[in-house]
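You will see chain A twice below: alongside chain B first, and alongside chain C after that.
Showing the complex of A and B:
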């Protein structure tokens, strides 16, 4: 596949992530901070987000698995995940966390457990999408091309 | 609120302290501030921010998260103001409205919702010039 075609595919794929609500403008800002002096910035930040999120999801699973659930502790974990996902623009994960926090406040155990599954699903979806995106970028760079600049004009 | 000076009078760059326990978030904030030609330092909780100031370090602006271990943003802000720190302190947080009120009352100059954007930083820089 020639570089131009790869770049167009990358742009279409990136656009779809925004249109489908996986990512918001904050991710665009992340991309705009990447330059020649910081060529792996997005991948580094997102990598840390992945590590952080998986740790928090494990902590949440453990927290909701207790006989006597500490909702305050669970809320603290969700708050962290919400902040982290906001920072990188993982919109669906962030929105799930907002709902999760209100369920924690209500101390609705069953709803919290269902919501945790939803958060995990959204997280693994966006992780998969971002890994696909980074794979496409690596192919473009390997073929001697550069990653196009995205504008949020769609 | 009067502003604290930067740590070196001959340094033309505005100095910023980022108080944030989340590595992905602090990386993002640091990159945005550096892109705006600011000198940055990062600590991962309010207690470390207070300790830096106890040792005499000062910054033109402090970007403070709310939820952090050991000492949260509101506690750290209150402590810094009690110590006489007059730097601009900007909250950057995804906390609830109730927590935000507590945060502002602790002595913030401004509070932004996470994530920090270049437009927000430019607003802060504009205020610093006034």
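Showing the complex of A and C:
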């Protein structure tokens, strides 16, 4: 595949991520903060997000597994996850966290456990999408091309 | 050269989230601010010189300056929800301090809680930004910073550390990231 084709594929894929709600405008902000002097900025922030999220999801799983659930602690974890997903533009994960929080407030254990599954699902989905996106970017760069600048016009 | 150092504003950003620290640092640097990031209110106070006992480990490019010199900060941006000292606690301590009370403070929060916002503004915060912070939010900062500058010039006080140059801008993000 030649570079122009790869770039178009990248653009189509990126657009789909926005249209399907996986990512929101904040992700575009991240891309705008990346430049020649900070070419890996987005990848760095996103990989931090992956590490952070997986740790938090583990903590949440443990928290909800306890005989006596510490909802306050669970809430603190969700708050963090909501914050970081919001900061990188992972819209579906963020929305899931918002729901999760209110379930936590209600102390509805079964609903919380089901919701945690949802959050995990959304997280792994967006992780997969972003890894695919970065893979495409690496191919473009390896072929000597540059990553196009995303416009908000769609 | 000293003109360039004078016009560049120094922002101290405080946030316990590593991701948010990276973001705010990049955002501020893109807007030509000189930035120092720390991960807690207590570290912020140490950096500002309010706690002489401990040695600071702030993520400042000028880490070499482990002196007792007071570093000039033109603006403090702090997250609200932080373990230990909250952004509100930090704001109060700053406003209670004779040496620091005139530094504008901006609070950032992921939650839109009107009572929280009002409390902070009443305590003296200049602005309250909802996270994630945008470029447009930073544009609101200029008036607050210029106000401080004008006040300074009126009092004919020479900033103690105006020799700090824009060279530190070239510091890579890796070096200024906080330890986890």
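Keep this in mind: the second predicted complex is superposed on the first by the 154 of 154 C-alpha atoms of A that agree within 3 Å, B and C clash if a C-alpha of one lies under 4 Å from a C-alpha of the other, contacts with A are read in each partner's own complex, and residues count from 1 in each chain.
In this text, a contact is a pair of C-beta atoms (placed from the backbone, for glycine too) under 8 Å apart; a residue touches a chain by one contact, two chains touch by 3 or more.
Note that this is a predicted model, so its numbers are computed, not measured.
Peer 1: So, does A:45 touch the first partner chain B, the second partner chain C, both, or neither?
Peer 2: So A:45 meets both chain B and chain C here.
Peer 1: Which of the two partners, first being chain B and second being chain C, lies in contact with A:124: first, second, both, or neither?
Peer 2: Touch partners of A:124: none, neither chain B nor chain C.
Peer 1: With the two structures laid over each other on chain A, which partner does A:71 touch: chain B (first), chain C (second), both, or neither?
Peer 2: A:71: touches no partner chain.
Peer 1: Figure out whether A:134 sits in contact with chain B (first) or chain C (second), or with both, or with neither.
Peer 2: After superposing on A, A:134 lies clear of both chain B and chain C.
Peer 1: Identify the overlap between the chain B-contacting and the chain C-contacting residues of chain A.
Peer 2: In the superposed arrangement, which is not itself an observed complex, chain A uses residues 26, 29-30, 33, 38, 41, 44-45, 48-49, 52, 79-80, 82-84, 86-88 for both chain B and chain C.
Peer 1: Spell out the residues on chain A that touch chain B in their complex, using ranges where they run on.
Peer 2: Interface residues on chain A, with respect to chain B: 26, 29-30, 33, 38, 41, 44-46, 48-49, 52, 76, 79-80, 82-84, 86-89.
Peer 1: Spell out the residues on chain C that touch chain A in their complex, using ranges where they run on.
Peer 2: 17-20, 22-23, 26-27, 30, 81, 110, 131-132, 134-135, 173
Peer 1: Which of the residues in chain B end up touching chain A in this complex?
Peer 2: These residues of chain B touch chain A: 22-25, 27-28, 31-32, 35, 65, 67, 93-95, 113-118.
Peer 1: Name, in rising order, each residue of chain A that touches chain C in their complex.
Peer 2: My answer: residues 26, 29-30, 33, 38, 41, 44-45, 48-49, 52, 79-80, 82-84, 86-88.
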